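Heads up, the next two complexes both have chain A, just with different partners, chain B and then chain C.
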Partner chain A sequence: MDDLRQHLQVAGDEEVKISARNCQVFYGDTHAIKDVDVDILDKTVTAFIGPSGCGKSTFLRCLNRMNDTIDVARVEGEILMDGENIYDKKVDPVQLRAKVGMVFQKPNPFPKSIYDNVSYGPKIHGLARNKAELDEIVERSLRRAALWDEVKDRLQTPGTGLSGGQQQRLCIARAVATEPEVLLMDEPASALDPIATAQIEELIDELKQNYSVVIVTHSMQQAARVSQKTAFFHLGNLVEYDDTGTIFTNPQDPRTESYITGRIG
Partner chain B sequence: MTDITPSDARPTSRGTATEAVRRSLARRNRKQLVLQGFGIAAIILAISMLLILLTSIISTGYHAFTQTHIQLEVYVDPEEIPAEGLPRGGFDDVLAAAMGAHFPAVDLTDRAATRELTSILSNGAQFILRDKVVADPSLIGQTVTLKVPVSDAYDQLNKGLVQRDTAEQFRRVDDAAIARFDRLDELGLISTPLNTALITNADSRFPELAGLKGALIGSFWALLTCFLISFPLGIGAAIYLEEFAPKNRFSDFIEININNLAAVPSVVFGLLALAVFIGWFGLPRSAPFVGGLTLALMTMPTIIIATRAALKSVPPSIREAALGVGASKHQVVFQHVLPLAMPGILTGTIIGLAQALGETAPLLLIGMNAFITSAPGSPFDSATALPTQIFIWADSPERGFVSRTSAAILVLLTFLIMMNALAIFLRNRFERKW
Partner chain C sequence: MTLAPFVILLLAAAVGYAINIQAARAIRSNGVRLHSLEGFHGLFSLLLVIVPVLTLVLLWLALEGGVINRLLMASLPDGVLDGLDSGAVQLIGAEIRSIAGGRIFGTPEDWKLEAADRLIAYRQTSAWLLVIVVVLVSAALVFFARGKVAAEFRARQGVERITLGLMVFCAVVAIFTTIGIVAALTFETIKFFQLVPVTEFLFGTNWEPQIPIREDQIAAEGAFGAVPVFLGTIVIATVALVVAVPVGLLSAIYLNEFAPHAFRKVVKPILEVLAGVPTVVYGFFAILVVAPAIRQFGQSIGLDVASNTALAAGGVMGIMLIPFISSFADDALSAVPQSLRDGALALGATRGEMMMNVVFPAAIPGIVGGVLLAVSRAIGETMIVVMAAGLIARMTINPLDSVTAVTVQIVTLLIGDTAFDNPKTLAAFALGMMLFLATLVINVFALRIVRKYREIYD
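Our next item is the complex of A and B:
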């Protein structure tokens, strides 16, 4: 734990976006996340790695309160975003999710047109006063997701008709359309082929200029390629959290080392 | 295994395994063939049952789709029918005179002989003439060409349903009547056009005049009421139970009860409706509105179950996607889940309504099997419905109702098939792939 504190101080010169304190998640009787303390930095890509079932996705879903939708899930402890506890009674999860966008493992565009997919978020939050503004938001979001040039001539065609990689970028465009501050990505490239994966990774690298990006991944190579900070989860514990380079070259904990060298996981 | 070398063991064990598979293969293939045989036999049996049913209904029912008519030159005698006396007048006498013109031998002052002569005309003939004259009084004093249905016995005779070689005393029409009918037929006055009265007339005691208009309109009002009540209520209940209700013992209890409700015999719903809607609320008897309420009670569980299944089948990824961009629970349900579940909901609803259309027992209990000779003007007027009309006709002794019962069944089946076809069309049209 001392190590952890130390690293947090090192990180102190950059702005902390989200900090979890003593975070616990229970699924019924199962204690899925135990005592997680972590500080996620702004304008940085943070990767969560770990073996299957280690709780990395569960913890990611705490950050935009997606666990609220599961009846048996219970979250304890504090998760502060810009110093405000997002589990406070005053915080509406709907408002939080507009600020914390999410991209899921399997591309899940709405069975609607590309335009409607991207404009849905801004529409329900009232971010555009008129059609022209909405058009502008759609274009800007699709450009940020590096999809604009491929779809600008067919915005009214169904989003489900795109290829897997394009669908995932459409989902990213949909997530950034509401101008979030944090972007959560739950294994965003695991259902994609290597070329589409490379495009997504390139995109993540660009997105970090505007957002704090948190990505869950199974692929250690991916974590090494795209992230600046890496957190290693094991059996519901946050084992180690440090600069990505340090985690992969000089892990402090033997469990991290075992996982990285392929002995567990 | 330990006492033989691996190099010996491998081919031997592989050989025995292959042998064992080969031996069991014949048995397994035989089982599969037997299963297929049973399946094909079951399908053949089911299809032949269906064919027998349809053949029997159609072979009886097709007679009712035509109706024997007779054409008469009627002199509308101003002495019998004075213009100032309308709508009263001696219409039957005028018709008797028109018939008498073809049979000069019959003395029209002999009441019995006249009655015998005019028995060939439907009882409704005089009313058809009356309606025509009332609509256009200038016809008085003129000769009009009138085409009216013949009465049931002669209709049966014309369609060959009365065997001429049956001994006279066992026949509904005597030899003299047959001779008169044949004479009219020779004169070319008898025709057998399409029986439009089957759709445009309401019920009647006389088969040649009886039609399904009242039943069709009654069924329409009842189904409309049923739909307007059960569709919103059923969907509302299903959405609440599926999307919003906390999962606890109470919601489990409700779920079990809804499933049980779908299995309650329809006659029980009829008794409930009789006690509650007619007994307590004092709603009118025999009214399609009450019938619709009763059918709604029965249809609602079907719609709730279908809607819940449709909501469940919407992939969770769509819900997550919508929640992820900050849609509220309400927006997720109404903007994403419900539209995607709509085809399934509509299919379930139409199938529920088709069931309701064919439901008889509850309607009998609330009095929709009354004998009503006019079509209902509103859902609160007395009426019958298609299945209860079939029930009434099946109960009637006149020969003409035998074929009309089958014809009414065919009409009902046509509506049912149309509704089911619509359900299949909607399902295919709006089916989405993820």
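Our next item is the complex of A and C:
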């Protein structure tokens, strides 16, 4: 606990975007997430690492209430975003998800044109008043996702026709098009080749200027490369949460050390 | 007696199986490595006996009757068949057969009684011959199979070849049956078009398939314009689809995405039960409940409604098609990957928006395929329209009027005493051919669409 308190002081200098308190998740009878307390900072990349089945993706899906779509999932405790509990009855999960974008492990572009993929979010949330504004949002989002130059001449071709890396960047463009404040990424590069992975990582680094980015990853190298903060999950517990440098060079918990040196996984 | 060859055959197969397994085991217990396991040696003998002998027995039983009949006719005293046409000769054969079966009417001539005795003798000889042949061939095959057992004999490959042959045969049976049906239909259709011009059938707007039964009967020369008949089918099928497509699709969407798990678990099986209701029961429902209700309602608001309306037949047919379309659409919606749903929800789409904008468009090819298959079922459906639609072909698209359907006309044309050499009867085949072609085109089209869409997500 000492190191957590120490970290909270550091966090005090920067703005806390999301803070979870006593967060529990149950899948039916399985207790998937146990007592997780964490503060996620604004304009920072936070990485969740840990062995398979440790609950890092489950916790990520709590942050935009995607667990609501699973019938047997139940979330307890508090998750505050800008001081407001997102599990409060008066919060509409649909509006929350517009503020908290998400990118999935496998690229999942809709079977529509590139343009329609990106403009879908703005359309359903009424972010553009006319076609010109919509065009502008699409261009800005594709530029942010570093995809504009590759697709600007074929916006009307199907998004599913792009390469895997391009599809994933299209999904990132689609997520940033709704002007979210937080971007959740669930192993965004695990289905991609090394070159596409490098492009995505570079992109994540740029995205942190505007958003709070939370990334789940299996690759410790990736976590070390892109994140400033790292949280290590094990068997549903948040074992350790600190600056990425500290976690990888001077972990406090023996479990963290075992994991990053490859003894458990 | 007919059972005996089959029993012998099964016994021989079992014996061959046991002998070969024993022989293979003996080789193995001597420490020699077998190429194939003992079971394959046994199966090899089993299949080697069953397949050829069963074919032989079935062929024998199929051809026996014809051969015996020919022998019998040849053995009749000279002169009794002179001057008789083929129909009368067949009658005499039938009479002899019923005498042999113990059904004697009146006092038949002596030569018929003698012939009946000969027939019984022929039959017994044939039965004994069959038993002897089966015993000999089975024994020969069992010995042959036993002789094959050796360490290096590839029994597994042998079994696989025979099984493969059986599978090919079964696959080919279905294809050849279809070809046979199409050929029969084609020949009769050609005969019909020799009597009635193709253009009259395809473009004529008058359907009165009456012909004089006797030479001197005063009857209209029949008219064979199929347009009003097909129009009737189209009207009924359209009504059916107007009912079935929206209801089926909306129920599929609800069950697939919105229904609570418990509700879905109850309703889906019920919908499938609905799909299993015999169409004749739907026919009752149409004629006893729906048609009178429509007529009464129409009359109460001052409309002239026929008693057997296209609306009643089509509406009930639509109810029949609801589970069909619904289950097809449900499959298509379920095939849309969860990742697309998650993607839409994570963008802040409501479930409704997700369904409308992402899942449903992605499922459209599959749904269209299902609807097209429903169309071909609607135009081929017979029992409901026979019971609930009219018989008179009218050139109308008014669903409150009585119309007839292609299948109804085929049924009525073929009912009763009809000779197969006049246009009235042959017209049924021409209609059937047209119906076959229409459903064939629709099915091919539908299956192509369904296949194309499967490639996208697999």
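The rule is simple: the second predicted complex is superposed on the first by the 264 of 265 C-alpha atoms of A that agree within 3 Å, B and C clash if a C-alpha of one lies under 4 Å from a C-alpha of the other, contacts with A are read in each partner's own complex, and residues count from 1 in each chain.
Definition applied: contacts are C-beta pairs under 8 Å (C-beta built on N, C-alpha and C of every residue); 3 or more make two chains touch, one makes a residue touch a chain.
Treat the numbers as computed from the prediction; the structure is a model and nothing was measured.
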Inset, instruction - Answer with clash or fit: chain B and chain C placed together on chain A by superposition. - result: clash
Inset, instruction - Give one of first, second, both or neither to describe whether A:Asp71 is in contact with chain B, with chain C, with both, or with none. - result: both
Inset, instruction - Could you tell me if A:Thr178 is touching chain B, chain C, both of them or neither one (first, second, both, neither)? - result: both
Inset, instruction - May I ask you to decide whether A:Met102 touches chain B, chain C, both, or neither, giving the answer as first, second, both or neither? - result: both
Inset, instruction - Examine A:Gly55 and indicate which partner it touches, taking first as chain B and second as chain C; both and neither are also allowed. - result: neither
Legend entry - Partner chain in contact with A:His125 - chain B first, chain C second, else both or neither: both
Inset, instruction - Once the structures are superposed on A, label A:Pro111 by its partner contacts, choosing first (chain B), second (chain C), both or neither. - result: both
Inset, instruction - Going by the overlay, flag which of 6-14, 24-32, 78-86 or 96-104 in chain B ends up clashing with chain C. - result: 24-32
Inset, instruction - Enumerate the residues of chain A that count as touching chain B in its complex and touching chain C in the other. - result: 64, 66, 69, 71, 94-98, 101-102, 104, 106, 108-111, 120-121, 124-125, 160, 171, 174-175, 178
Legend entry - Residue ranges of chain C in contact with chain A within the complex: 261, 337, 339-350, 353, 357-358, 361-362, 456
Legend entry - Touching residues (chain side chain A, partner chain C) in the complex: 64, 66, 69, 71, 94-99, 101-102, 104, 106, 108-112, 120-121, 124-125, 160, 171, 174-175, 178
Inset, instruction - Within their complex, state which residues of chain B touch chain A. - result: 246-247, 315, 317-328, 331, 335-336, 340, 432-434
Inset, instruction - Could you pull out which chain A residues touch chain B in their complex? - result: 64, 66, 69, 71, 94-98, 101-104, 106, 108-111, 120-121, 124-125, 160, 171, 174-175, 177-178
